[in-house]
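Heads up, the next two complexes both have subunit A, just with different partners, subunit B and then subunit C.
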Partner chain A sequence: MNTQALFSVALLAPQAACPSELFAGDAAASRFAVYRNNVFSSLTAALSDSYPVVEQLVGSAFFQAMARVFIEHSPPRSPVLVNYGQDFADFIDRFEPAASLPYLGDVARLERLRVEAYHAADCPVISAQALGAYLQQPEQLMQLRMKLRPGLAVLTSKHPVYSLWTAHQGIGDLASIHLAQAEQLLVLRDGLEVLLLPLPSASAVFIQALQRGEGFADAVVAALPLAPEFDAGPSLALLIRHSAITELEPS
Partner chain B sequence: MRTFPCNRNTQARACELPAQAGLGLKPAFFEALLSSEPALGFVEIHAENYMVDGGPFHHYLGLLRERYALSIHGVGLSIGADAALDALHLQRLKTLLDRYQPESFSEHLAWSTHGPCFLNDLLPLQYDQASLDRVCDHIDQVQHTLGRRMLLENPATYLQFRGSSLEEPQFINEVIRRTGCGLLLDVCNIHVSCSNHHWSIADYLHALPLHAVGEIHLAGFSEDLDSSGEQLLIDSHSAPIAQAVWALYQQVLEMIGPVATLIERDNEVPALDVLLAEAGQAQRLLDRQGARQ
Partner chain C sequence: MNNKTLTTATLVLALGSAIGLAAMPAHAADDMEKCFGVAMKGKNDCAAGAGTTCAGTAKMNDQANAWKLVPKGTCEKTASSTSPTGFGQMAAFTPKS
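And then the complex of A and B:
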């Protein structure tokens, strides 16, 4: 192996010996440790920036230990660190020491979606008037497909992730949360702000269907098994109010 | 040596940072800088933080760019790597530079990638003929792709390679001579490296091509001990600028005159006022030096 290969391999494996033969001086191992510490502490800080509620839920010491294992197994593949940790939630699902917090992976998914919505592309949106024209013509509305804004996502969880997240923003009461409660939410950026909006399960399915490119009528049909009386009106109003529709495609 | 127009797209814009004090731009300062518009010569961003599609970072940078000169400082290009530059990353840089037309672009004499991995630290090079050729090739490629001259920053290091055959300032001198790039003189890094390796600061400065300095960085370091009990200074960007660094800065200004100077703080970032006070201190030294000339 060449110099940089020897350096890198030792850097990412905390148990590996420092390749002291490369360096001048007697204290090379302790100096090499500065680089190793920089790598792990800066990447841990990057994860901590993206996953603050995960960190609050497990405590700082646990988070650092978990991040260390993650970094060792999944070092970044790009210098654009805002994208680092896209598979952190999947890692948490498999991370046995966190098994007693079954909702932790989904809280990480929620926080990842917030980061992605925050940095998603800006684009022009459809006005309420433009959509209003279709509301007057139900036949055309039924066939209408809609494009939703970049970074918008629906998260469905078997756990009360929205309640857990808001409780860590000082809103709501942690003690009153039922951990068996499923929750769904919409994540999107409206203007400069990322919003988390809780959704009924049928609305979540409806918006997911729209996002997949299904027409309005098919999206309603997809939601009906969850709510036989499903009314798409409130979901559409929510999307319009938060500037979430970027294109209308009549069939 | 090749020469590059400072910016081939917009000749109208001045192609150098003003010889004034500037500040590293942090998201926490977006609103305050916009509302109070403090007197700063320029702001500097880390390129990689702005390689996102949209949202508040671009919104605020666009507004601030109308008010301040801009330096874009890369931390992920890995110019010193023993593998080819990441063409995709270089293209992302070009997109960012085309969008914001900064007065200055700079990167580090360091490496931070290995294989597919990004190691997120500025790692030290073995200074030999092979690495010199490689660094020069990489800088040629960067300057050619971006269509502009770049500044190369001298590193802070904690280790020296047995296999090095050139001294660090000689190496830098040769890179600048061969590629025509400029020097981003990090005064704190000089203090840290010279202290860690028992180099003479006077000799180090004397060996550098100071005529090529296009920007100065000032930052704080932290102190540690290595396993033999020797003091080890760490370029942590987490502390106020030390007195020794201010003194060295003053000495450099006496040698080369006023140059754009960045107050760099990336960790444990204090309130804006604290950093503006450091920028004010740098500005006073720049003014004093300017008046002497």
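And then the complex of A and C:
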């Protein structure tokens, strides 16, 4: 093992001894312990910044212990700290002590999507007028593909993640949330603000289909099994109003 | 029945209604209610009071005469640091000192 690998392995393994060949002097072990502690505490702070509601749901002590296990298994792969913890939600799903909160992983997914939407690139937007031009060319409408803005995401969950998240922003009533209630939501940045917009399940499927690059007609058809009378109007209105459509690709 | 024509007509209708809906002010949905005293500083949907330019002008958290739209039924359950009742109210109120 080379010197650098030796150092980083010891850094993330609290049980491991200080790599003595790298240091001289009596205080080497305690100095290394200080350094190791700083690494863990800065990464824990980064996770805490990105996942504030997860932290509120489990409490600070549990969160720090969970973060510690995560950091040992998933050290940063990029120097960009804001991206750290991209697989935190998957880790939480497998983290035995959190099994009593089955919604916790999806709440983490929601918080990750917020961070990604916030940092996603700006890009030019399609106006309602440009879209309206297709009212005159209905034959093109069937195959019309709509590209959605970077960072936009649909989250579908078996749990009421939207209600849980908003309740922790002081909106709504935590006591009235039914934990078995499935919820879907749209995450996107409009201007400087990241928005979370609850969606009916058929709308979620419709927007996901658009995002996959399916044509307008196919996207509507994809939503029909969930709502036989599905009207794409309100979902499209949402996308237009929040500047979410960035490109139109006629067939 | 010609299925393709039907679908095209449906799509035209959906797009038309989408453009119409998008032009309406956001939060027009009637399952929201105006809630006073719960908006964060600068995050109010509209502020009462003469001479204000309304949305986004609240000078302090939980300003008593600034409201935001919240889901119906939740206003009087939302904590407010300025409200004498401790929760949001459906009308502007005099903040406790």
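Things to note:
As a convention for this text, the second predicted complex is superposed on the first by the 239 of 251 C-alpha atoms of A that agree within 3 Å, B and C clash if a C-alpha of one lies under 4 Å from a C-alpha of the other, contacts with A are read in each partner's own complex, and residues count from 1 in each chain.
As a working rule, contacts are C-beta pairs under 8 Å (C-beta built on N, C-alpha and C of every residue); 3 or more make two chains touch, one makes a residue touch a chain.
All figures in this text were calculated on a predicted structure; none of them were measured in a lab.
In the overlay built on the shared chain, the residue A:12 is in contact with subunit B alone; subunit C does not reach it. Contacts of A:24 after superposition on the shared chain: subunit B is touched, whereas subunit C is not. Touching more residues of subunit A than its counterpart among subunit B and subunit C is B. Contacts of A:234 after superposition on the shared chain: subunit C is touched, whereas subunit B is not.
Shared-chain residue A:120: touches subunit B; no touch with subunit C. Applying the stated contact rule after C-alpha superposition, one finds that A:95 touches neither subunit B nor subunit C. For the contact definition in use here, the subunit B contact set and the subunit C contact set of subunit A share no residue.
Taken together, the subunit A residues at the contact with subunit C in this complex read 128, 131-132, 134-135, 138-139, 141-142, 170-173, 216-217, 220, 231-241. Contacts from subunit A toward subunit B in the complex involve residues 2-5, 7-8, 11-12, 21-32, 34-35, 38-39, 42-43, 46, 75-82, 118-123, 150-151, 189, 192. Only residues 4, 7-23, 26, 38, 70-71, 73-74, 77-79 of subunit C touch subunit A when the two sit together in their complex. The touching residues of subunit B, counted against subunit A in their complex, run 48-49, 51-59, 75-78, 81-82, 86, 89, 92, 111-121, 123, 126, 158-163, 196, 224, 226-228, 230, 232, 234.
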